[in-house]
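Order of writing sets the chain letters: A, B and C. Residues in each chain are counted from 1.
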Amino acid sequence: MQNMVHQDIPALVIDNVSKIYVQWQRSGKIKDIVKNLFSPERKEIKALDRLSFKVSSGEFLAYAGANGAGKSTTIKILSGILQPTSGNISVLGMFPGKDRIKLMENIGVLFGQRTELWWDHPVITSYEWKKSVWNIPQNIFDENLAMVTELLDLSDILKTFARELSLGQRMRADLGMLLLHNPRIIFLDEPTLGLDVLAKKKMINFLKKLNKEKGITIIVTSHDMDDLEEMAERIILLSKGQIAFDGNFEELRKVQNNSSRLIITSSGEAPVLDEMELIISEEGKHSYKFDKEKIKINEIFKKLSQYPEIIDIEIIKAPIEDIIADLYNSWKK
Amino acid sequence: MIFLKLYLNPGAHCRIPVFLCLNFKKGIKFMKYKVLKSCWATVMMSAKQVFDGNILTISGEYFIKFMQFIMFTLIWKSLIKDGKSFDGAELSQILTYSLMASILKPQLDIVTPATSALWEGSIIGRYTRPISVIGSLIAETIGRYWIPVFLFYGLPLWLLSPLLGINPFPASFFNGVMAFVSLLLSISLGFALDLLFASFAIRLKNGCWAATRARESIYSLLSGALIPFIFFPWGLGKVFRLLPFGSIGNAPLTIYTGIESEIMIIVGVQMFWNVVLWIAGIKIFEKSEERMISFGG
Amino acid sequence: MDKIKTLIRMFKIYGKMDLLWFLRDTKYCLMYIFSDMISTLAVVVGVFLLAVKFDGIGGMTEKEIIFMLGYSVLVEGVFALFFISNNAGQISRTIGRGQMDHKMIQPLPVWIQLATEGFSPVSGNGVLLCGIGLVYYSISSSEINVSGIWIVLLLINLIASCTIMISTIYMLSCTAFYAPAAAEEIASVGIGMFESLKNYPLGGMNKSTQIFFCSLIPVGMIVWFPSRILLGKFDIMIFMIMAAAIFLVLAVLIFKKGMRYYAKYGSPRYSSFGHR
């Protein structure tokens, strides 16, 4: 695989993109069935609403949002599968709507819970099919095959029928297939979904290595915020088709005034700490949230020294899941 | 007090041991109501899902069916001149035969979701419902294939058939009644055959779709629904009408149109196949159950 | 030139994969081959029995009917060879199940994918061989003068018949863009219509009926009409070529319209059933 360096040309540019879907509505009542045949009830859904952002070459972007926020729609528009209702898109300087074929030679897309493997063929046959369809030169194919086999630990499963692979194995095989043609950008829709802890860790490490060493631009969507935080530097949060947040995870914590957690283990009651909010208190473990910009650590320890029943103290970053959950709740309101 | 128990759990879907109790009548009524309510809900859900498109997209299928029917009427008209008979069957009877074969196709060629559900693995969902698996599959068949086709094709065609010069009525009142009885037996036989087929198909694993395709083609020929048996040379028709497939399609249609005079023999053959194939079907289904649930999907 | 190279490359890979399937899953592959042969012959046998009973039908003798049925099986064989795998011939399933996305992420024009991914030279040859056998048998027992030109005519008619059939199926399948669930199986209905109706000669029907079944519902153009040309009963070959061209153009236009709708609205459902 070629080494890529950061370039000035952005990997992708989304400019004022909107996408409107039409959904058919059904009441489920028999009396409406005939009416719906001739004059179906429709509802317009604005999946994306004047969305604009840029991604530089070599970036690792986490693209998150609640269900129905517009993540998959964005990926489909970027891959040229869907056309935006309005706005402009360019990926690697190409327009997905017009240059789909050329674009597909340079990007890789893997949708969540879908596979590109051939069910009744071994993995290696699917890879050979890919070689033909993408017209990958033999030497590049051999080089990339060796690389993905090693990095994704595929040697045991290359000759296995896709239908007999476990979910984790299938995900690895799909990822390996995605990389055979040297894509410059890859879009991953929920790549860690359904994977066990070990498989998840391996996949995350692999993606980070890919981004760091090969300079491949990676856009990944997921609901698992911990995974995203581990992988990506930048996060875009979507809400109702618009960008609700664009920055890094530290800035995201600050947005919610929620950057840290204090966890106290004590044999007595929860200490009273005015500047902090007690989130949960059970079986001697008390969790507080606070903004470490506003409250100094030595002040915390000063107050806590008045409580001799304290056994243990932990100060950690606020779990990103909690921050996101608070954000989602605030958007609903 | 011992209460009425009706076993409808997955393991005993074919067996219905009933414990009579003091509240016998109330119990039976309650359980029947519950079962019917569950079945009816499944029927309605399956029927409604057909109507997700507008009239153009749904009517495409019915238009093609209608064209097939028109083609067959034209073929029979070109083969048998009006007023003449062929092997004792007049043109008007053959046209009525084709009409009813087209209208009753979903009932005469029963394909339940059993085979596809086994393949996809969604059969497991039927086992988690408080209704017999076979009952569930029957309800889905009625909802998905019978109701929409009857409402949007069968009934309108039957009503409009006089405009096409085709007599939609049975040969006589007695023929009509016996054809109805024969139809019920055909439907029962159709479900039994489908159950048997699904039980065998699961053993074929990846080959089950191949078997499905072959089954449909063989059915078309051997049931008499497409070409009446009286048109088969070399006495083949007489042989085919005694076989299970022939008991499904040919039997009710020939009784309805009056082509067949030995009605009781036909009905007797149907009853025979019903007994044999239901016993075989249930036995083989039970034996194949575990394989179906563990392999499916 | 590039497109032709791409086509050949794609035919090669799909042919290879079909061969590999045959070698790895021989039992199932043979099951499919035999079931296809049985299905096709079962439909054809019905018409043959009618021809025997009535001493010929639609103005054709028994021997001519056998030739016509042989040609019919040959058409089925060519269809199976190029469109039997991967729902290539039942495109409404691909569209209705939201599987067009998988085609859109390949660096190939959609038409090349559709034209090649059904190619099954091993698993799809059973019916073709039956057709060749039946045509050979009917030729040897009839008065058809087989020459080089006749064979070229046969090939042209075969291509035209298949083009008309696949174009009609595609036009029907495009309804799945607009109603994915309702029209998912419409291609099967269309194929069923051709399977059951194309084997019947239209000779005994009046002119307007013949025109109807050779135009709007083109079952007559698949087997009956080209058979008459090959049997020397009809001279004007150009009708077949024109009909094939018209159907192909219509199918392309309607499919492109459907794809534009798909690009605008996407597919509201996805099921991986039957995908690869």
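Assume a residue touches a chain if its C-beta (ideal position, glycine included) is under 8 Å from a C-beta of that chain, and two chains touch if they have at least 3 such contacts.
Just so it is clear, the structure is predicted and the values come from calculations on it, not from any experiment.
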Which two chains share the largest set of C-beta contact pairs: B-C
Chain closest to the assembly centre - both centres taken as Cα means: C
Centroid distance [mean C-alpha coordinates] between chain B and chain A, Å: 49
Inter-centroid spacing, chain C versus chain A (mean Cα positions, whole Å): 44
Centre-to-centre distance between chain C and chain B (centres being mean Cα positions), rounded to whole Å: 29
For chain B, residues contacting two or more additional chains: 51-52, 54, 58, 206
Chain A, residues touching no fewer than two other chains: 24, 120
Sites on chain C at which at least two other chains make contact: 25
Touching residues on chain A, where the partner in the complex is chain C: 21-24, 73, 76, 79-83, 85, 97, 100-105, 109, 111, 114-121, 125, 128-129, 132-135
Sites on chain C touched by chain A in the complex: 6, 9-10, 12-13, 16-17, 20-21, 24-25, 101-102, 104-109, 263-266, 268, 270, 272, 275-276
Touch list for chain B against partner chain C, complex: 49-54, 56-58, 60-61, 64-65, 67-68, 71, 74-75, 78-79, 120, 204-207, 209-211, 213-214, 216-218, 220-221, 226-227, 231-234, 236
Complex interface listing, chain C residues touching chain B: 25, 27-28, 31-32, 34-36, 38-40, 42-43, 45-46, 49-50, 52-54, 57-58, 172, 175-176, 178-179, 181-183, 186, 189-190, 192-193, 195-197, 200, 203-205, 209, 213, 217, 219, 273
